[in-house]
Amino acid sequence: MTLASCLILSAAVLCVGIYGLLTRKQAVAMLLSIELMANSANMVFASYGHFRGGPSAQVFVLFALAITVAEVAVGLALVMLLYRRHGDTALDLASEARQ
Amino acid sequence: MNHLLATIVAAPAIAGAVLLVVPSTQRLAIRVVSLLGALVSLGASIQIALQYDRATGGLQLLETVPLVPSLGIHLKLAVDGWGVALLLLTGVIIVTGVLASWSVERRDKEFFLLLLVLVAGVFGVFVSQDLFVFFLFYEIAVLPMYLLIGIWGSSHEVPASGPFKFAWRRFAVGSKEYAAMKLTLMLLVGSAAILVAMFLLWGNSGARTFDLQVLEATKFPIGVQHVVFPLVWLGFGTLAGVFPFHTWSPDGHASAPTAVSMLHAGVLMKLGAFGVLRIGMVLVPDAAAWWAPIVGGVAVVNVLYGALCAASQKDLKYIVAYSSVSHMGVVMLGIATLNAAGWNGAVYQMVAHGIMTGLFFALVGLVYERAHTRAIAKMGGFAHVMPVVAGFFTLACLSSLGLPGTAGFIAEFMVFAGAAKGANAWWAVPGVLGAFVTAVYVLRACKAIFWGPAPAGEYSHLEDVRRTEWAAPLVLGSLLVVFGFWPRLLLDFIDVASQGYLGRLPLVALAQVVTP
Amino acid sequence: MTWADFDPGFTLISLIVVVSAFFVVRAQNMIHAVLWLGLTLLGTAAFYARLNAPFLAGVQVLTYVGGIVTLMIFGVMVTRRHESLEAEAATVAPERGLIFASAIFVMLSVVMWRSAATIPSPAPVASSADLARVLLNEYLIAFEALSLLLLAAIVGAVVLARRRDLETSPQGPVVPQATEVQP
Amino acid sequence: MSAVTLGLIATFAPLAAALLLWALVPLRHRGAPAAWVTLLGSVIALAASVKLVIDRLGGAPDVRTTIPWIEERGRAMAELGVQLDGVSVPMLVIVCLVALCVQLFSVAYMHDEPPRAFGRYFTLHALFLFSMNVVVVSPNLLQLFAGWELVGLTSYLLIGFYFAKPSAAQAAVKAFWMTKLADMGFLFGLLVLYVNTGGFEWTAVPGTAIATWVTALLFLAVVGKSAQFPLHIWLPDAMEGPTPVSALLHAATMVAAGVFLVVRADPLFAQAPATREVMLWIGASTAVFAAGLALVQKDIKKVLAFSTCSQLGYMVAALGAGQAFAGFFHLGTHAFFKALLFLAAGSVIHAVHSNSLDDMGGLRKKLPLTTAAFVIGALSLAGVPGFAGFFSKDLVLGALEGKASWVPWAMLMGSAFLTAFYMGRVVIKAFWGAESEKAAHAHEGGLAMTGPLVALALPSLGAGFLGGWLATQVRAEYHLHLGLTPIAASAMALLGIGAAIMVFGKGGQAPLVGTLEKLDAFSLVDKTWAGAYRIGLLGVSSLAGWIDRYLIDGLMNFTGWAALEGGASARKLQTGLVRDYAMLVVVGVLVLVLIGVLR
């Protein structure tokens, strides 16, 4: 297990998340993809933390986790709103910004 | 230390604040409060003129309050000779302007409030000796215009034509909203240029200060000067109607209500010229001397082109508006001469044109209010029904064409003499030609409106000047003649300031001046 | 890299994480997708454990697997359209996604490979005690700011989700989640 | 009282009258009292100037006092003041005397005007006298220019006095424009002088080249103001004004200001022989040309107007010949007899209510005094020996005699004949012959009308004998000599009168009249100027207006349009789809990473 392999693993997860974000229509599915991407960022933190030492990296992972939780809470609330308004959670429906 | 300068700026602002608590149904109270604010300013400006020591010159009546010392921003108020002349002009115009708009019907409280805010800004510009505060007041003076024109203005149609016809569908060209928007946007672009110049000066001053006196004493690198001067020239110049950035002026002044046209053409355009003179010429003299031929060349275009455009107009307000473009060209021409006669003439022209155009717009407003038309073709023989208006209009025309005995002559003559003495003597030729074209179009308009057989039909019962409407013609008309016969009333102030600042110009420029 | 460096544990974890992540974005059934996400997150927890970060692994299991996955399932259930769920989980323009994702992957791999080469060898382990000390000393303000953020998120979520024409009560899932995350 | 005080009184008494009338609106609107105020001002001015003359007869010296007017760097750049010498004092008397006579005449002549218009008329008269006196007493060219423009203004306002008549309005504006066009020359001349000498003194010695420039430019203004060819076209139109106005402004004083300017600036003109040569030719040709046109006018005032052009041509020619005194002398005598002629014509017009010569005839029985006055004026104008005009015209002709070219001299001789001829025509058509229908009810005006006629007839008869005194005043040589010129001139005058009696006495027509009439009707000069105005000014200005509205402002609109259109097309990027935004983020990341990789 080297730093490079750890980083490439996290890059892989990130790219899967990007793939999901770009291809899924469902708001919840997009949220899941974002979770994957956030997770991969945490993995990078943890990897560097392991290889360079010191607790700071882990602290940041903790913070990132908390922020992710907040994001999911608000994100899900938005999904609920979307569902109420359109009876569906396909995010394409929320494109009023175009007008 | 007295607080005259603070008073002159604060009086309109305080009157405006009082207006906020006056109920909008108290129409007389609104007017009286506004008039009081204006009168206090006028009184203060006269008091300033009396207290200013003409023999000493320089900055006087200094008041300083630190605002943001860490950035070198101070509320530093002081006045030089130019400032005294322009304060007097502003005081006179605002008082007559308030009286001329006595009959504003719609949302009068807001109207007077904005008018007072605007004039507070104008006073602020003329007395602030800190570049940042100068700019702040400048913006305060410029921005209320958007609302004043957009709400209280008047519209007309401009048919689509020309190579840019396709752009017409985007705008209602000629409408008051269009005029207000164009004016504001063009002036704001100018402001952006000024802002850049301002920070360049600040950053290169070494002292990190906006204090104009410190900046004056600073010798800026020539490279910085060459960037700053064109920015200042075009930035302030947009407000002064410098070709080809003058096109906000005809539409803006034609659409604006009477008092706003009076203030804008009478005073606000002077802010632009004053900025070029006070910031451009004084702070970056080396670049100014280099750029002066270009400034003067453009000014010459302004004079002649503005006059020719005015000659082609069929709408009374447009004629007056284009004449402002032409006359502000004379101001810029005087500035570009880089000698005492030219600068004195330029500042004198600011005052003369301010009074003259204020008178013009006041009278045009009167005519428009009664006849409900600005189309010259529909008018005729109005001298039979409104002889007083006709008389004062003729007087304004005469000053406009530079007839001796009116303020316009003194100003134009000094500018032309300055130009003839300067490095580019030929500037005087188009300048004088512009005055001739002015004679053609103002007298033609005067004849078409006022002369001819007595009007019949709807125009046969037009009323002449009454009550508060007397103020503007009487005061402004008399001043035109007084300043025409006795120029030293103002010149003593202006000349001492010009002498002081001229010393800063590089020797190269002065050497070009033929001294008899 | 030789076979001597081969690390079967890490390889297994990697496989689990990548494959389950792939199913997260490809699953037709949203519930399945969330469950796959749970597996990914568990794999990540194992990854943390292998990186000598047991506390992180624990928190990962507790908040992510325990909290977020549950929350997501609630979300899916609440917004579910019974009759047409399958069709809506469909993907759009998979080629575009694939191209961009792989391009990013290639780029990132190159960058990370280079960057990793500058870090020599594993450093001494940081204990949970170290972590706690740093968290509550150096990062105290950030820590408190974070709790404020969470509070704001709770309030925001409540305001957003609660409407007059309320059919379900969305506050329920959010509030316990927020309290749970306090370490 | 010192001379300066008297000069100031002469100048400011009319101004005080004008200001009083301007400020006291009820007084002005009452009418008659306004006339008395103006008359009082003029009387004071005349008294002051007469006192000046008496003082000068007693040996009072020339005086000159100035105060700074415009300052530059603390130094006077321009000055105002009073200069009272042999040129300005006689001129002051002439101006004040003629003005007073004309004003008095106006009281009767304008009697039927509504009180307000009457008041306005006299206010303007007072203003005119002030402006004219500013010209006369000015110590330098700048003040002269200021007064010059002010008399132009009063001329404009007085020509347009009947502003309800479109023709009067047009004539007023035309007069102002033409003179203003010429006045640009004055202004340029002043600027050239100022740049080269640092002042506006006519005593400056700037060298021949500069002097030629300055004087040529000044002469341009003279051409305009004194109605010389080709800028004369405004003067006949100016007859739209009330007749007394024509008498005062457009015959006696204002149009003579051009000549006065040259007399004043004689030291400058003396340095510029080239300018003088031009003046000589322009003066001579105007004299002939205008005399020819005067022959065919049907309007009595237009005859006199063209005659004024012609006589001013004499003066300009004399100035061109370098005999400033001859021009000045002719100016003085011409002021009297031409004012007399105009006032007498006014009396006729007042009696028959028409300007047209065809409506007159046989008036000598009804209007004996007017007839006598007119005949005296006509004889003086024709240059019959003994009358004032003879002496001055003789001097003018004598100035031209012996010049390198005899052509100008011959031209002026010819026009002397023409002058006598056309004046004979007018006298015969108006006062002799069969009594016309309109003349039947004609009668003399009151004392206010006849008094000024008598007052002006006296100098028209006798002013010629003052030539000697005037010459000592301006330090010129003056002696009557019996040579070719006086004899030829007298012969021309008598021949002209005789020819007129022969031709018109029997109701006939002069030869060449048809051609001249066609020439007059075609009015080539007028049409040229009108064309220049329409095409040159209106055309260019509409082009400028179009360019400004549709090109320059169009460009501004285009900028706005481009910004709006650009915004509209940029908005299409905003699909509103989160996926697309995410992709843009990804692209951005890609680019950033790529930069990182490649670096």
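Just so it is clear, A, B, C and D label the chains in written order, and each chain counts residues from 1 on its own.
Operating definition for what follows: a residue touches a chain if its C-beta (ideal position, glycine included) is under 8 Å from a C-beta of that chain, and two chains touch if they have at least 3 such contacts.
These numbers come from a predicted model, not from an experiment.
Comparing chain C-alpha centroids with the centroid of the full set of protein C-alpha atoms picks out B as the closest. For the pair subunit B and subunit C, the distance between mean C-alpha positions equals 66 Å. For the pair subunit C and subunit D, the distance between C-alpha centroids works out to 99 Å. Chain centres here are Cα averages; for subunit A and subunit D they lie 93 Å apart. A separation of 60 Å divides the Cα centre of subunit A from that of subunit B. Shown for subunit D are the residues that touch two or more other chains, namely 579, 583, 586. Across the assembly, subunit A contributes 18, 21-22, 25 as residues in contact with two or more other chains.
Within subunit B, not a single residue touches two or more of the remaining chains. Chain pairs that touch one another, listed by label: A-C, A-D, B-D, C-D.
If you check the complex, the residues on subunit A that touch subunit D are 18, 21-22, 25, 30, 91-92, 94-98. Against subunit D, the residues of subunit C that register as touching in their complex are 92, 96, 100, 103-104, 107-108, 110-111. Those residues of subunit D that touch subunit A in the complex are listed here as 571, 574-579, 582-583, 586.
Residues 68-74, 77-78, 116, 145-147, 149-150, 153, 156-157, 160, 163-166, 169-170, 172-173, 176-177, 180-181, 184, 187-188, 191-192, 194-199, 537-538, 540-546, 548-558, 560-561, 564-565 of subunit D are the ones touching subunit B in the complex. Against subunit D, in their complex, subunit B makes its touches with residues 158, 161-164, 166-168, 170-171, 173, 182, 185-186, 244, 247, 250-251, 305, 308-313, 340-341, 344, 381, 383-384, 387, 394, 398, 401, 403-405, 409-410, 413-414, 416-417, 420-421, 425, 428-429, 432-433, 435-437, 439-441, 443-444, 447, 450-454, 487-488, 491-492, 495-496, 498-499, 502, 514, 516.
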